[in-house]
Amino acid sequence: MFKKLIAESTAKSPWLFHINSGSCNGCDIELVAVLTPRYDVERLGFKLAGSPRQADIVVVTGPVTRQSLDRVLSAISQVPEPRCIVTMGSCPQSGNVFKGSYSVCAPLSKYVHVDVDIAGCAPKPEAIMDGLVKATEILKQKRGQK
Amino acid sequence: MNLANMTDYHHFPIYSVMVLFLGAFIIAACGSKPSKDPKNPAGFRAWIALCATALSLFFLGSLVKPVMLEGEIISYWMGSRAIAGGYAIGIAMEVDALSLFFALLIATAVFVSAIYSIRYMVHDECVPQYYVLYCMLAGGVLGLVLSGDIFNMFIMVEILTFAAVALTSFRTKVYGALEAAFKYLVVGCMGSTAILTGVIMLYAQYHTLNLAQLANLIPGTMNNATKLAFAFLYIGFSTKAFIVPFHPLAADAHGAAPASISVLISGVLTKSGIYGIIRLTYFLFQTMNLGSMQFMLVFIGSISMFVCVTMALAQHDFKRLLAYHSISQIGYVLAAVGLSTSLGISAGLYHAMNHTLFKGLLFLAAGAVLHETGTTDLGKLGGLSKKMPHTTVLFLIGAFSISGVPPFNGFASKWMIYQATYQKAVESNNIGFLLVTVIALVTSTLTLASFVKVSQSVFFGQMPKEYENVKEVPFGMRLAMGILACLCIVTGLFPKTVTGVLTEPAARAVANVGEYITAMGFKSNLPAPNVTFAQVGVWEPINWLLILCIALLALTIVAVAGKYDRVSERTEDDTVDTKYQLFYGGEKNVYSQVGGGDLFWGFKHNWRHYFDFMHNLHSGIVNDYALWAVVALALAIVYMMIVL
Amino acid sequence: MIQFNYVCAFFLIVLGFYTIVTKYNLVKTVIGMSIMDYGVNLLIISIGYTPGGTAPIFTKGELTQASYFVDPIPQALTLTSIVIGACVTAMSMSLVMRLHESYGTLDTREIRRLRG
Amino acid sequence: MTANIFLNGLQYLGYILIFPGFLFCFLCGMLLVGIDRKLVARMQKRVGPPILQPFYDFFKLCGKETIVPAAAERTTFLVAPIVGLAALVVIQLFIPIHGFTAFSGMADIIVILYLLLIPALAAILGAAASGSPYAGIGLSREMVTIIACELPLVLVLLAVAKTVGNALGTGLCFSMSEIAEYQLQNGSLITKLSMIPAAIAFAMVIPGETGSHPFDTAEAETEICEGMHAEYSGAPLAVFKLSHAVKVLTLTSLFVALFFGGIGTGIIAFDGVIVFALCVVATALFISFVHAVTARLKIEQVFKYYWTVVSGLALVSLVLAWYGM
């Protein structure tokens, strides 16, 4: 019974931790936009957590610059299991316009398993919410496997 | 003299003092050749000191039954020279419940500190001399509280000041030790001079030095010279109690002395000053029924508690911080005693006892940290709880006790003080006493804050690299701390028993001056007062603890069933996994310890003008401190002349 | 004129206080402490003085109702006090020496590592 | 005889585990927090999370991995939340629910003030044991907030003691059960003139003590990464969240017991409901509303606010109570 309860709760209370790996702030602003009254992602139980230790979903924005790579990876490793990694915007997926630069390490999936990619530059709030909901489903699956 | 005569308990007070002086003499006579044992450089001399203190404690402990429980007052004339022609000629010891109460506190602290010293004083030179001075100090304080003769009180004050100054500067290499000793000597000497002047002026008036006879003669015959003597004596004992404005000396002396001596300075020396003030105001001059005298003591007590706790918040050194707290707690004692209600006196004495226990514990913990790491600077330490788990637990017990966290002993006594002040405010319909309650309550929280600062910056937080090899302190030191910690918990859990056996008889003795006079063989017509210790509040620590244990048990069952302790931890060989590193906003391998003096910035920012002012005021120049003493003396004289 | 003694005694005590408070030299501070001490000693001995009294030394035969001698107790007290005063001076001078070694100065305004 | 004792023991065990104890605290505290979050969302024109959201959060955290950082002191880190929760539940037992005063005779208002320090202290020590510098900053701010709240709380409680004491003729009254008894017979304390500023001051203290907006500097998630809880994850964090919920309940029900007692029916179940309803109102007014309309203060502003405005109000109340109004 408790296992089921916990699995159900996991899907209903995903907390986000947001890492900016050299983003232009476009995606960051859009992420904040989904918290505003118009979209209000909190009604689905989402909440921005201040520390990776408390997060379930890690949202990475930006093209993963060489300076930030180690830091991104260490912060992701500090998130307790089960966790779900979401890349947001085109940058962490392909490098976007920065691709080929000596200082950019994108895509992030080279270094760590990414569960959900939200494409767009920057993605629409609706897309972000859709991606996050998908992430919660993956989270629930991971919870169930344990 | 046969054995039965010698084991008569009437001789025990003098035995308990003499055994310490004798110990000092034997240790000094044994020379100063250090022993070969590196763990105990003083060799058998340490054991002599320990035996002397243990015997002293034993003698005093066996007096509990007759004096505390049966209410006898032991009067003891040296060489059987009693009263002639209505005047006390011989030297007397008079042990009533008040004296015995303080003597027990002192003997306990001295004994525990002696256990601690054996392992603690291993890095020093001249350790045999340390034990000589140690026994002298202990004997001096015991002699002071057991004496029935005011000139002997002065002699003992000199002995203890002398020993304390020498022990303060014992570690001459320690930063500021000599300076602290010199300041203490100058102001302490002014205090002793004040006491001597007061004593001799009383003698000029009444031609006796016996406390009981003075108490019989002085009230009702006060003139200007007596008032002057009172002011001198009061200031003299104030310097021994280190109350405001003599608190900077305490801070300097505690910080520089070895921890085992800091225990004595804070737990024992300050008590001797408080004892002197009680004897002076309640017995000799019997002025405590005057509102103005109550006002003076309560006012100085409140000022002491608040000023010193704020000074403590600004400190960067572990022992200096403890030293200021010491005076802050003495402020509580003085304020409670100054209320002149039986509950107030009982509460004040209870707090005095608890202060000896928890402050001793805290100083010993500070000494343990110093012993292992070589520093007490709050800015340099951190994370020692992993290396010194027992010391951490013992320190926390002391810290909770002093900050008045239930169910430890500090709370039990502070709780009585709050009630006593509030009761006094209601009874006398004076809103000023209510302010004292508020100050006491707020001071208690500030105390907690500064101990949170210590635990964060010394025992918790991150550990600097250089302390990787720190070990737990030796068993002997932990034993000493353990004894005090157990006493802290026991006296906190059974407040009714403790007050019933120890503080209430003492408070009764304070109220019943007539008996003190008649026990010495003088005629007194002071009536025996009716003393009650009614409390308005309710606090049942045992029941609370029982409920808490049930609650904890229930939670533990749930936690075990839910596998609460199944955690992910770093394995021994795995040093690189970033998962177990602290989160630094993504930065790698950063050492950062939040500690030191500015932890409570939010508080200090609002009070910055006050803190700046205080910092400049405590200039560290001995002339300034001497000036404070002179001004205090002048104010005391003027005040006494006006109100008495 | 025993009152003059009292005035002198208090004058000495106050002079001692004055020296301690205003002089910035450690040795002068110690001198101040000694002066203070002498003042008290003078006070004690003056209190024991009775005009026309003899030394309080007598044998059993000499003691009559009319015997008139100075109070012996203050004299005993003075002795004790003088001894203590000497000890204090010795102790403080040794501290002054060590202070001079480690601080290189005798100025109290510079010996203030412990403050605040 | 033995059967009687056994039954009595069972009854008290029931008190501790079920009614004013654990189960009640767990359910009502969580509900209060859920209502709070919903209300704040509605005030900000959002839909907001479901009212049961705190339960979801709690169970989710129970299922998560617990990571103990290498720099942390393991035992303190894990034990601190449990002790804090237990201590809070015990405080809840001491607060009378109208006629229900089974435990209120064991501790009185000043003791409760001090018992409230234990959970805070547990959280602080747990944070210190985690070794994180964010937690260090967080605990410093938490401690300053405690100091800030202490002065007005002390003044309010002394004013209450004086008012009830005056009315009873004993001069002063610290006992929680006597205060409850007095209110049952003479109506709520809030009807007295001197108690109105006291009630306002106490209400202002509630958000500070529970660490909610705008006094949540200690857990500021955007500046110092959740402060004291920066390194906590999984079940210990769940216990901390539960403790926070219970603390909201404790403070609001203390507020109700002190100023709005005496509207009870005499039946425990009904009284429980009434008290809970009053707690909800108090939460809505003093936590949700304040949260919705203010932005986070700086820590020195928190301190200044409590030691000037709130303490001033409390002092007014104390002076009024002193002169028998």
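All chains are identified by letter, namely A, B, C and D, in their written order; residue positions are counted from 1 within each chain.
As a working rule, a residue touches a chain if its C-beta (ideal position, glycine included) is under 8 Å from a C-beta of that chain, and two chains touch if they have at least 3 such contacts.
The structure presented is a predicted model; accordingly, all values stated were derived computationally and were not measured.
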| item | value |
| --- | --- |
| Chain pair with more C-beta contacts, A-B versus B-D | B-D |
| Length of the line joining the C-alpha centres of chain A and chain D, rounded to whole Å | 35 |
| Centre distance in Å when chain A and chain B are each reduced to the mean of their C-alpha atoms | 58 |
| Distance between chain centroids, defined by C-alpha means - chain B, chain C (Å) | 30 |
| Contacts with two or more other chains, residues of chain C listed in rising order | none |
| Multi-partner residues of chain A (at least 2 other chains) | 51, 53, 78, 80 |
| For chain B, residues that touch 2 or more chains besides their own | 568, 579, 581, 583, 585 |
| Chain-chain contacts as defined at top | A-B, A-D, B-C, B-D |
| Chain B residues touching chain D - in the complex, by the definition given at the top | 383, 385-386, 389, 396, 400, 403-406, 411, 415, 418-419, 422-423, 426-427, 431, 434, 437-438, 441-442, 445-446, 448-449, 452-453, 455-456, 459-463, 536-540, 543-544, 547-548, 550-552, 554-556, 559, 562, 564-570, 579-585, 592-595, 599-603, 605-606 |
| Footprint of chain B on chain A - complex, ascending | 19, 51-53, 68, 70-75, 77-78, 80 |
| Contact footprint of chain A on chain B as seen in their complex | 568, 577-579, 581, 583, 585-588 |
| Complex contact set, residues of chain C against chain B | 13, 16-17, 20-24, 26, 29, 33, 36-37, 40, 43-44, 47, 71, 73-74, 77, 80-81, 84, 87-88, 91-92, 95-96, 98-99, 102-103, 108-109, 111-116 |
| Complex contacts: residues of chain D adjacent to chain A | 37, 41, 44-50, 53, 55-60, 62-67, 134, 219-222, 224-227, 229-234, 237 |
